[in-house]
Amino acid sequence: MTSAFEPHPEMLRISDLHAFYGESHILHGIDLQVARGECVTLLGRNGSGRSTTLKSVLGLVGRRSGSIMVNGKEVVAEPTHRMARHGIGYVPEERAIFSSLSAEENLLLPPQVSSGGMSVDEIYRMFPNLEERRASPGTKLSGGEQQMLAMARVLRTGARLLLLDEITEGLAPVIVKKLGEVITELKARGFTIVMVEQNFRFAAPLADRHYVLEHGEIIATIPQAELPGRMDWLHQTLGV
Amino acid sequence: MSRNLSMFARATPLLFGALFVLGLVAPFAVYPTFLMKILCFGLFACAFNLLLGFAGLLSFGHAAFLGTAGYVCGMLVRDAGVTPEVGILGGTLAAGILGWVFGVLAIRRSGIYFAMITLALAQMVFFFALQWRATGGEDGLQGVPRGHLFGVIDLSNNLAMYYLVFAVFCIGFFIIYRAIHSPFGQILKAIRENEPRAVSLGYDVTKFKLLAFVLSAALAGLAGATKTLVFQLASLTDVHWHMSGEVVLMTLLGGLGTILGPLAGAAVIVSLQSELADKVGSWVTVIMGAIFVLCVLLFRRGIVGELQALIRRSGVN
Amino acid sequence: MEIFGVPSALFGSQLLIGLINGSFYAILSLGLAIIFGLLNIINFAHGAQYMMGAFVAWIALAKFGVNYWVALLLAPILVGALGVVLERTMLSKLYKLDHLYGLLLTFGLALIFEGVFRDQFGISGQSYEVPELLQGGVNLGFMFMPIYRGWVVVAALAVCFGTWFMIEKTKLGAYLRAGTENPQIVQALGINVPLLITFTYGYGVALAAFAGVLAAPIYQVSPQMGSNLIIVVFAVVVIGGMGSIMGSIVTGLGLGLVEGLTRVFYPEASAVVVFFIMVIVLLVRPAGLFGRAV
Amino acid sequence: QISGNTVKIGVLTDMSGTYSDLAGPGAVLATQMAIDDFIAQEKPTFKVEMVSADHQNKADIASTKAREWFEREGVDTATELVTTSTALAVMKIGKEMNKVVLMNGPASTPITNEQCNDVSVHYTYDTYALANGTAKAVTQQGGKTWFFLTADYAFGQALEKDSSAVVTANGGKVLGSVRHPFPASDFSSFLLQAQASGAQIIGLANAGADTTNAIKQAAEFGITPKQQLAGLLMFLSDVHSLGLKNSQGMYLTTGFYWDRDDQTRAWSKRFFDKQKRMPTMVQAGQYSSVLHYLKAVKAAGTDDTAKVMAQMKKTPINDFFARNGQIREDGRMIHDMYLVQVKKPDESKYPWDYYHIRQVIPAAEAFQPLSQSRCPLVKK
Amino acid sequence: MSEFILETSGLTKEFKGFAAVSGVDLRVRRGHIHALIGPNGAGKTTVFNLLTKFLPPTAGTIHFEGRDITHEAPAATARRGLVRSFQISATFPNLTVLENVRIGLQRKLGTGFHFWRSEKSLDVLNDRAMALLESVDLGRFADTVTGEMPYGRKRALEIATTLALEPTMMLLDEPTQGMGHEDIDRVVALIRKVSENRTILMVEHNLSVVANLCDRITVLTRGSVLAEGSYGEVSKNPKVLEAYVGSDDMNDAHH
């Protein structure tokens, strides 16, 4: 799917995205672009619509309108299950580990979408806990272990555009650190990453750009270079 | 919104009052036996709704309580020769006890499991009723005399019977209404919304559910016992699982979790059954099935629920 | 020789018959368990769909001269296709709601199906002959065993274990199990869940129809043939542990046996023995014999 | 003399349930035919109307409907009333409101025994006539050893008890019985027990789908034709749905067979043209009873219940349906019954050619004698 | 009265041969805010489940206020005053905020089964409920339907409801998880406030919260206690740094 001669360096472009849950209008025209190999974060307070942005890309909201281009292709009208074929990997905020599947079955569940995903061995090296608990039913893992599993699950599929929702949530510092290394490595391998993070200290050094959301709108875009200068403002708006 | 709600609250006593007066004069306009049937099934459905609509438990075996109480009341009045009010109380008590047995066995599970277990238990009651000689099997328990209320009032007079049924209904309805709006009702609501949380607050959830179940069963029994006196018979149809399905239909059609819905649903279903009986012949079940499907797909709020929503919406605009 | 006062020949034959009846329970409860597993719906129309399977076979033969073997394929396909339509047009609207609505919807559908068939074919039912190839029987010494009944056991076991293998041991099965829990996320992982659900319902219904065709030569093909059976099958599913595939198969066969034995020792109780066992099982193991604790 | 100058006949039957084939729409049709024939033949001065309703086999619906008909719609008689529970309920209402009740579908004997009353007529058949007719005739013809397959509820048990008594009284022997749950679909276990008993005759003390399934499976397990089946409560509609292959050789008793003589054939053909099925005894009896009632009204010149009842009881019934018919004081209409045997498939020459009539059971023997009656109206 | 309100000895839980918790001797001093930290899968949640009886232990005993509660029913333990909060917020979404708190208060009234009594009999609780709501800054939301409130406030409500039981000891599982910084500060302040004259045991990965709040810290790894002490002691323990923080500076681990 992704060849080196691909004419679009742009991996994801969202324009004028609106999203609704039933009657309530959550996103009011989001615009953002992410180039291949970039890592961006979505910042904002609780309920500002960060998770919803990720979910709308996948079509997991009630209704959405606007435009979502992945790899130069319009996908806003496509059903959710097709999004994985476009090379999108998603780590949901509620982890969604399956209890009727063992940890390993959970890991192997998503279909491989392209080559270049991590091997199971590589993954177990990265998260030894998972190897130890591989035969255990998915939801019998501890909170943190489930979080690791959810992350590992998309790394295996070969998805090139990763949408990561609060992946450091509930993880011990030692694992959070390791995840930071993983993200850096993924970037180096040309993966494109969109992160939602509360843990600003984790996200700040990794991201090329930060989008700040409030009430379903992007109120600021801060490239990494400008970050030091905008810290005070961020502090004020987000309480970081 | 909240102003509307309080408007509702203020309108409620008026509405109940109007309905009460309507109930008093109705037998002069409508065929009393027909009304009595509606009231009996209405009470049955209200009792069922107490469980499903307010405790979130779908029992698919409620016919067992209706029928058992009917048989017990019939036997007491016909064979033991007690007065009708004792018969009714006896039937109600029997249903309550049976409800307790069902409850102890079923309450540990919820949702669909609960429905299946109650269904299976009710099946056992059905077989028992079928085989036990005293119930008359397929022939039913026939020729139950209506007798004299408190040994005084002759119930073979249809009007007298009607006012007894009406009184029974009002009492049953009041108990249900009260239970919903009681400290007990509050906790029931809490349990339905978040059971683990209720446990963690120190409530013994199974006991609350059990009480709700026993209440509902006993009131269903009250309806069944009264019905036996009205029709002077108790038969297998009242313990059959079709009856359990019918009461779900009544409740759903009238409006799940609304206080008056089940009565409305019962009225519609009973009228339909008696109207359709002359006209569509073999299509009765098909029509009932279609109503079920339509209710589930299109009118989940039921008649009363939709009405309330309508009033609310017009109030907002 | 006697076992507990019952001639051993009779005893043996009752066991065998129990197994045969158990095969029906197994296929039917398997279909219910699959549907329950993925859709979280107790398919009350299962009995009606079983009945429709039998009727398709009968109509095919009586009106179009299509034989049993073709019907064995045709009926599941046709009734399964109807299931697919129902799922697409009705059941799929209910997934976001309380699961009880599914039960109520299928209950209504069961009433409709039964009513329509009753109107079309009358209540007394129709006779369907045992296919020529399987007519007659073999004398097993202790009993005369109709060949057809033997075939029923073989066919039922094959279908049951095939289904079990598919669900527990294949990737498709993993999708099914995951889809049961969180369809949205499975979808986001790139699996076409709506299709999977539709397929599953269709398959479950097709199983019922398959059982119906198997039953047609044994029982009167009548509009009510499913409605009483289905209540027993519900109990089987509860005993086995709802949604458990292996549980429903093993329990189906096991209860067939138990019921068979009851018919010898205490025939009056054979209708309630299943419910009775259910109560005991639930007291001891609330999640059913094979069910995961909830 | 006739209220509103109209006689209104209410047909309360099972239009959609288990008994809709043997009564149901066919009974409604038979009633209409009776009314039409009555008007054509007798040219009455009063009008005759019919209403019908589906009681869905529910006694409470039946009793509400009957009460409403009698009270509000001027119905003079409630008829048909298949299933005993609905019949008993309506009989009570009839008595209370003093209206005639004509029963054709229900089977149980309490109707003319403990529960009898003076406004009701049990017209076509009852379990005594069917079971005892069959049991007696079969035993006398050499079926000496019996085994019963009994539906385990009051009705089945009564059938078994009554028939056993008859078998023993006629020199036969009952080797055993097995009670099966009601309803059941698989009878193989029970049939094997019957087979193991070695009895010549397996008596089916059950009804409807239970009977047909048992018969079908008896053929499957090779039990018939080595042992014979005797249906204690069977109708033409059951044999039709089973097919001759499965039911051949069986004995059963019926109050009517369409192909008995020219008269029955003529009427049945008319019925068949409209209904596409041959009439069962219930449907034929329905016609006969309604006609008898209407004639009684005309003869009495009133629709007063007591007078009409007296007229009906006084007049013997002889039509295509009933030979030597007479309504007794307990409300039982007695008439000749027929022991029939189901033909083999190759003996059947045309559609619905199902029975050999093996024996005519005279009216006096066919039904429970008055001397045994437990009906309080019977003066002894 | 012993100075330890809660004591476990040899507490062990095995799942199919896998020891999630093994031989934990935990002692929580009365009036402390005590933290339970450790790497993922260390067994913290399992310990909580054991303490609140949501799981039966394989071995070991639990004493609460000097009494052996190892084999009590969950609701009984809760009535004793040992109450937990959930990792995901636990409220009654369709009741109002006030009603939520009242459910907690109602238990002591002892009229739970009185289905014949009017709801109005509960109004006597309103003052107390309002007071509790004020104490967590929710007074003005009393009539709001709970489901419509933001996450942080639900969390506060949950704590208020728990306080209604007047627990002597509260167990909090990751109380700040999934919160923005503003909410975290609010919850930290709240916990500090409610910790007056009661004991708190909490699981928390956010070390700045732990550093801020806790009097004493127990570190679990692989089901066993690795270290115990004040923040200062624990944060210098090299074993803890290796197993939990993954670097030699505890401050790295602050969010």
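The chains carry the letters A, B, C, D and E, assigned in the order they are written, with residues numbered from 1 in each.
By definition in this document, a contact is a pair of C-beta atoms (placed from the backbone, for glycine too) under 8 Å apart; a residue touches a chain by one contact, two chains touch by 3 or more.
The structure presented is a predicted model; accordingly, all values stated were derived computationally and were not measured.
Colleague: In contact with chain B and with chain C at once: which chains are those? Just list them.
Modeller: The shared contacts of chain B and chain C, listed by label, come to D.
Colleague: Return the chain whose centre of C-alpha atoms lies at maximal distance from the corresponding centre of chain C.
Modeller: E
Colleague: Just curious, how far off is chain D from chain C if you go by their C-alpha centres, in Å?
Modeller: The computed centroid separation for chain C versus chain D comes out at 37 Å.
Colleague: Could you please state the distance in Å, as a whole number, between where the Cα atoms of chain A are centred and where those of chain E are centred?
Modeller: Roughly 31 Å separates the two chain centres.
Colleague: Centre to centre, by mean C-alpha position, how many angstrom separate chain A and chain B?
Modeller: Roughly 52 Å, centre to centre.
Colleague: Can you pull out the residues of chain C that are in contact with at least two other chains?
Modeller: 115, 118-119, 268, 271-272
Colleague: For chain B, what residues touch not just one other chain but two or more?
Modeller: As it turns out, chain B has residues touching two or more other chains at 127, 131, 282-285.
Colleague: If a residue has to touch 2 or more other chains to count, which residues of chain D qualify?
Modeller: 16, 20, 152, 181-182
Colleague: According to the definition already given, which pairs of chains are in contact?
Modeller: The complete list of chain pairs in contact reads A-C, A-E, B-C, B-D, B-E, C-D.
Colleague: Quick check: in the complex, which residue numbers of chain A touch chain E?
Modeller: 45-47, 93, 129, 133, 136, 140-145, 147-148, 166, 169-178, 198-202, 238-240
Colleague: Taking the touch rule as given, give the residues of chain E at its contact with chain B in the complex, in rising order.
Modeller: 52, 74-75, 78-79, 83-86, 90-95, 99, 102-104, 106-107, 109, 111-119, 121-122, 143, 161-162, 165
Colleague: Along chain E, where are the residues that touch chain A in the complex?
Modeller: 15, 18, 38-45, 87, 150-152, 174, 177-183, 185, 205, 207, 243-247, 252-255
Colleague: Can you list the residues on chain B that touch chain C in the complex?
Modeller: 58, 60, 105-106, 108-109, 111-113, 115-117, 119-121, 123-124, 127-128, 131, 241, 245, 248, 252, 282-286, 288-293, 295-297, 300
Colleague: Using the touch definition up top, name the residues of chain A that touch chain C in the complex.
Modeller: Its residues touching chain C are 58, 60, 79-85, 90, 92, 96, 98-101, 105-106, 108-111, 113, 153-154, 157.
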